[in-house]
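Pasting a structure here, questions to come.
Naming follows writing order (A, B and C), and every chain is counted from residue 1.
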Amino acid sequence: MRKFREAIIEKTILLNGFACILFVILIFIFLAKDGLALFKTISIQDFLFGQIWSPLAEPPQFGILPLFLGSLFVTIGAAVISVPLGLACAIFIGEIAPRWMRETLKAGVELLAAIPSIVIGFIGMAMLGPIVKNLFHLPTGLTAVTGSIALAFMAIPTMVSIMEDAITSVPRTYKEGSLALGATHWQTIYRVIIPAASSGIVAAIMLGIGRVIGETMAVMMLTGNASVMPQTILAPVRTLTATIAAEMGETVRGSEHYYSLFAIGLVLFGITFLINFLADMARHRKKK
Amino acid sequence: MVELSPVKIAVEDLNIRYDDVWALKDVNFSVKDKEILGVIGPANSGKTSFLRALNRLNDLDLACKMKGSILLNGKDINREMDAEEVRKKVTMVFALPIPLPMSIFDNVAYGPRRHGVKDKKKLEEIVEKSLKASFLWEEVKDRLSSSGMKLSGGQQQRLCIARTLAVEPEVILYDEPCSGLDPISTAKVEEAMRELKSRYTQILVTNNVKQAARVGDRVAFFLMGELVEIDEAQKLFTAPRDKRTNDYLTGRFG
Amino acid sequence: MKLRPQTKQKIAFTLLGVAATIVIVPVIVIFVILIQKGLPAISWKFLTEMPRMGMRAGGIFPAIMGTLCLVACAISVALPLGVLTAIYLVEYAKKNWWTRIIEIAIVNLAGVPSVVYGLFGLGLFVIFFHFGTSILAGALTLAIMELPVIITSSKEALMSVPRSFREASLALGVSKWETIRCVVLPNALPGILTGSILGVSRTAGETAPILFTVAAFYLPRLPQSIFDQCMALPYHLYVLSTQVPNVKPALQYGTALVLVGMVFSLNLVAIIVRAHIRSKKQW
């Protein structure tokens, strides 16, 4: 009797193990179900490369290029800010800070990660927007660069923790060997430690960027919501994520607009799937 | 003088390999009921693989493949019994004592509880009996609820012995049980083994040749995966039949 | 001007320290702003009353309740699911293809954008399962979102239990599952707990997944069952700051402060539990 009960428990555990695969497949199916329905009436080309996103116009236009570029600008901007800052912070925490400072800094970074994106969006709107507006003499402070700055700070905790991990897992012998040859600590860091930790650092960057691409609320509140082709990063833009969040409330279930939002979701899913897959490969390669 | 002792464990054509490395080759012999069998040999001779095959702990290692059979009381432990049955009858004491992170009482009662004993009185009886048999009772009887991890190395090892006795096995395997212990604790463990002889069959793998001589009825010498010689302890140590045994005992290699 | 290596190092290290400061400063600034501008709004009434005048006055009680409810329901699904998956991966899974695929799946679930989870929740729970916009749909969506965090921390917790414990138990004839239940799990529990608290603190702050699956702008009463909609703190903040005109800033900051307070205290509890485990470790 007990054997029977245990067999059942072990079967349940086995099934659970595969639950995550099931969920990923389900997500894909439900996105595709309504997303691909769009392509009955709109061509994939027009969708992916069309330069006008105007679902409420007559006739409605569903080109996501402006949205894609919006996401791209914001992401690149965030990467430009967060990668150097994140790497510098990780090096500082991992190699330079004294023991007591290290724990405090790590806690601080964790707290930064804990702030909900809606709060960052809210504070950004109230504080960061006016700063950007005045600094660059713009008609509005809600632009791509505003979003980039806020998003950079949201990506940094992820990057810092993985990079710091990678840096501290470099074998001590590498470091000691370099110092024994007369190199300074700093020279050791950028000639030996960073290259040795490179695949972890690359993985961290990719995961951080993945987070940025997927961010919704903060971008929605900070980038201005102009779904036109962006000219510079100082202009308002609209990202793929913000479009879904902002427009879903207005659509009718089963309409083209509705399907188009799911199609955007599918695109996002594909992009983040790719990035995460590559980042995981990078991490796995390092472990070997 | 021929003593006809019943055979407790029969090992037939045992071959064990890990991936491509052969750890044991064509081992054939039997372990007599209620004897203490010492198993000696240098490192990598296959002693530990052999021991772990006896209670099917090798099952945990996915790289390990086995050929041949091991019979306990006439039944094949791999084909006719399942692993839990085997391990209840053939228990093991490890080289490093592994007290579980719980009280002394709970450590000893762990096995019986998992096997269904729920009655508090019965458990208390079992715990007392087992701790007495491993010569630990006097030292811990007043602090059964304190953590098992707070005991000294020697005490922890006797706790582990008590733990295995609590499940009422038929065979006890020892994998270099005194390797981390001081001479006094070692003596106490050996004393316990002698006391247990009347009720259990015991197999002791040890790197300490003198210990095998002190405690064993018969001793088996393994070298590079082969069983070179097995004989009564006295005979093996004074007049070994195989040159290799002699070389090992005289320290030609270690 | 060629600089000596030691000077270069001094410059480099200073810059690095500046970078670390830049990273930490926003945390302090945000905290200070929230307290400064939000504290005036916080009062017992604020926390326990229903909103009035189209959100412009009164309290945020239903939003707090809604968040607590969603978070509790989500973790009650995600925890067993996550722990069992972790047990499979650590104790049973063999190093083969399938296991690799599972791990990739987990990494991907962690990376899916929150708004895409919202779409997924809409398509599967709200529409396909006919749950409608409800606490049930929202909680289930949040649960799947939480899963990777729970699985990862549970895995770590399980792996931190020494292998020798398992061997000692098995060598007594105890079955694998009983060994897991009686030796591994109890000792992994604190780590699992820390992971759950962190998962909970993340779901408490999420807005996008609940946008289409459960959130309501204003409900006259508290939800009666899991098939009802509910309000939630993050959504409430969003609405107060972008959709409702003429809201007193104190109200917005106050809501933000309550949300951040909730999230921070959960994180703090997790950090304390983690430190406590490390000090009490018997092995």
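We take it that contacts are C-beta pairs under 8 Å (C-beta built on N, C-alpha and C of every residue); 3 or more make two chains touch, one makes a residue touch a chain.
Keep in mind the model is a prediction, meaning the values are calculated, not measured.
When each chain is reduced to the average of its Cα atoms, A sits farthest from chain B.
When each chain is reduced to the mean of its CA atoms, the one lying nearest the mean of all protein CA atoms is C.
Interface comparison, A-C versus B-C: the higher number of contacting C-beta pairs is recorded for A-C.
Chain A and chain B have CA centres that are 56 Å apart. Chain centres here are Cα means. That of chain A falls 17 Å from that of chain C.
Mean C-alpha positions place chain B and chain C at a centre distance of 49 Å. Taken residue by residue, chain C touches two or more other chains at 175, 178, whereas all remaining positions touch fewer. Those residues of chain B lying in contact with chain C across their complex are 55, 57, 60, 62, 84-89, 91-92, 94, 96, 98, 100-101, 110-111, 114-115, 147, 149, 160, 163-164, 167. For chain A in complex with chain C, the residues that touch the partner chain are 6, 9-10, 12-14, 16-21, 23-24, 26-27, 30-31, 33-34, 84-86, 88-89, 91-93, 96-97, 105, 107-112, 114-123, 125-127, 153, 156, 160, 183-187, 207, 210-211, 213-217, 221, 241, 244-245, 248-249, 253, 261-262, 265, 268-269, 272-273, 275-277, 279-280.
The residues of chain C lying in touch with chain A in their complex are 5-6, 8-9, 12-13, 15-17, 19-20, 22-24, 26-27, 30, 33-34, 81, 84-85, 87-89, 92-93, 98, 101-120, 122-124, 127-128, 144, 147-148, 151, 175-178, 201-202, 204-208, 211-212, 234, 237-238, 241-242, 249, 252, 256, 259-260, 263-264, 267, 271. Within the complex formed with chain B, the residues of chain C that make contact are 94, 164-165, 167-175, 178, 182-183, 187, 282-283.
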